[in-house]
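We call the chains A, B, C and D, going by the order they appear; numbering starts again at 1 in every chain.
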Amino acid sequence: MPKALLTGFDPFGGEPINPSYEAVSQLDRQTIDGVQIVAWKIPTVFRRSVDVLAHAIETVQPQVVICVGQAGGASDIRVERVALNLIDARIPDNEGNQPVDVPVVPDGPVAYWSTLPVKAIVHNLRAAGIPATVSYSAGTFVCNQLFYGLAHLLATQYPSIRGGFLHIPYLPEQAARHPGAPSMALETVVKALEIAVRTCFQQELEEPEAERRISEGREW
Amino acid sequence: MPKALLTGFDPFGGEPINPSYEAVSQLDRQTIDGVQIVAWKIPTVFRRSVDVLAHAIETVQPQVVICVGQAGGASDIRVERVALNLIDARIPDNEGNQPVDVPVVPDGPVAYWSTLPVKAIVHNLRAAGIPATVSYSAGTFVCNQLFYGLAHLLATQYPSIRGGFLHIPYLPEQAARHPGAPSMALETVVKALEIAVRTCFQQELEEPEAERRISEGREW
Amino acid sequence: MPKALLTGFDPFGGEPINPSYEAVSQLDRQTIDGVQIVAWKIPTVFRRSVDVLAHAIETVQPQVVICVGQAGGASDIRVERVALNLIDARIPDNEGNQPVDVPVVPDGPVAYWSTLPVKAIVHNLRAAGIPATVSYSAGTFVCNQLFYGLAHLLATQYPSIRGGFLHIPYLPEQAARHPGAPSMALETVVKALEIAVRTCFQQELEEPEAERRISEGREW
Amino acid sequence: MPKALLTGFDPFGGEPINPSYEAVSQLDRQTIDGVQIVAWKIPTVFRRSVDVLAHAIETVQPQVVICVGQAGGASDIRVERVALNLIDARIPDNEGNQPVDVPVVPDGPVAYWSTLPVKAIVHNLRAAGIPATVSYSAGTFVCNQLFYGLAHLLATQYPSIRGGFLHIPYLPEQAARHPGAPSMALETVVKALEIAVRTCFQQELEEPEAERRISEGREW
């Protein structure tokens, strides 16, 4: 049976929960359209996050890897398109590391594209009534470390596995402590992940992604 | 049995639905802690909105009236504190009226306070994990017309009825068509309205509202 | 010679300067189209702000009073339309007072309209290339205290004097310490104040303000 | 005498002016700390923008190239750190081209870093009282085409020239037609460009850039 590995992070930055792990853990051991979902918890720690991910991929042997992270202040599902080879931490990670202006992989390429069908995912999420946008920056904190680490791992060791990253908003219970911050219900996020998985496994049947025009907001 | 009248609007501004009526209609004929809920649909039309509300109040004879309206672009439940005697429409209402700089009630006072326990509602919503803020402007469109019309009606004809207004975000399915806009799940909004009703009927047992310090965001 | 009193505040909230006093002080003793400008510094202290304003009005005997305050986070000149009889301080004022949910004037009306030609000022600012909007909330901190105090004073003691309030953004040098915050150059703010003064004294010659349609942004 | 080439764009998207060319043209033929400034106008046209830039570099033979573009809606000077090999146009360029999901340079690398001292520029702008941030996305319109085209040209043909991209806000006169949009005075932008040029030529004397910690806002 084909498998999809979904990862979520430990809480960080003073939050009691991390919506990314809350969401992926709800899908653990579920089957979506014949695809087995395996959820994995990733520590919010720069280097160790990638080590744990590598171990999970080796263990699960999935066809698709979707890493998920919290984007406090975001309004919608941000399907990340590009991982940068740069870390610049504004706050320490959960083990006190705060690297400034260092690469994820010394001598690695400047950036990797997501190998998920990014625009098809955004298109299908919107069609299902779930707010989503393509994002061109996954930041420079642990989320980007994991995303770049994943992309490098797939490019160098697992070229047949597709992988990428989704950022998700706060849950309502988190936003209730951050006045003015937008949020998304856990049920909506879980439904979004199901659609993302389905899109990854159906994508080859569809029109080329590059022909989809999806307005992403900015003019510049 | 005590009654609470909850009103929601017709869709406007090109939207196929209005989350305010979607939410209140889910509570119609429900009983919350011994309070009978009656939902009523209000047309998004300047004068007629208040006429329909007056008819609903006369018919239902509620102890509490909570009018609800859509605030596209808002992130959270905005519990409105003040209704202004001013209409200044940016777009036409559903019958093509676009009044500019006219009072809701000629010779009415400049403004009315909500007579709902505004801060207690915000406090209880946050405690239940639902993002909410006190708002000091309900705008100058049909929502404010209805809010001021309600407040004037209660002040002049029904002094024992408490009433006010809540603005709610887009539903996710609406925000999916407005890239970047925040949203709130219908289930969360419905739960918020239940808490608002409960708070209105329990409020007399609690500490004076004025002693609650709730940060509302702006420094100025 | 006709006179306009322009007031600005002391710095507060940890800022080394307050752009409102920086701006009005540049116009002190200037003459604009035959109108003498007098600038006055107001303490960022709840009650005392209104006492100092009352003394300034008595001393200067102006035809027009424009109070100006800092709105950190605002993008443009916000010409305030309404003052509320409510104070709810998120931070202490410069003497440590932090009133919560108290009226500016016990038994005063809920709100007063600005008696400046609000829409004509916004219209003329935009025509001169200066970003501006009509605002329907001056907040609940010292700015609103001063605005309501001014409006009450004019309504009860000086009915022939026109008065109102303008909120202005951070200066660039302030925004440089608040990453992401918008700002406005001091020269632009000073030019805006000149236009506001001119508009107040020319307004009687023009079309009725109520006929101006100015889009203010929000749909609700 | 060392030279810096500063480029600005033609107006686009319905704007009568483009603040980027307004700003750079003010510095044309000026000397800043012994550096000769040459300003060049770039068409807002996908391919042709890079052709014109290549011609300008060949003609001027500068040591530093700073391309500048309008970011309508931005609050501050955004010093771009990375150019992506991807174009995805939301609106047509000035000759009607609207490429979707195409690379700037087929077979080019996914991304190039700016070779300007990005953090030192942000640091020096803030120290001079000008709001600025490091940006990790230059978008997917003509600005990014020019930035990537510049980076590719320098990497492949002019390895000794440093180059990068700055996004700037609307001018106030533009924001006056976009209610709510932030802006920056032309004088402030021109001063920012002078500081950017100075920083590029002084940078080698200073501490390594990687040691500067500059908070850029996002936690994720």
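The rule is simple: a residue touches a chain if its C-beta (ideal position, glycine included) is under 8 Å from a C-beta of that chain, and two chains touch if they have at least 3 such contacts.
From a predicted model like this one, the values you see are computed outputs, not experimental measurements.
Listed by label, the chains touching chain C and chain D alike form an empty list. In this assembly, the chain whose C-alpha centre lies farthest from chain A is C. Centre-to-centre separation between chain A and chain B, using Cα means, comes to 37 Å.
Chain B and chain D have Cα centroids lying 46 Å from one another.
Note on chain placement: the centre of chain A and the centre of chain D lie 30 Å apart, centres being C-alpha means. Counting partner chains per residue, chain C has residues 215-217 touching two or more of them. Looking at which chains touch one another, you get A-B, A-D, B-C, C-D.
Across the complex, chain B meets chain A through its residues 75-76, 125-126, 128-133, 169, 171-173, 175-185, 187-188, 215-217.
On chain D, the positions that touch chain A within their shared complex are 13, 69-74, 81-82, 84, 86, 88, 90-91, 100-102, 109-113, 119, 136-141, 143, 167, 209-213, 215-220.
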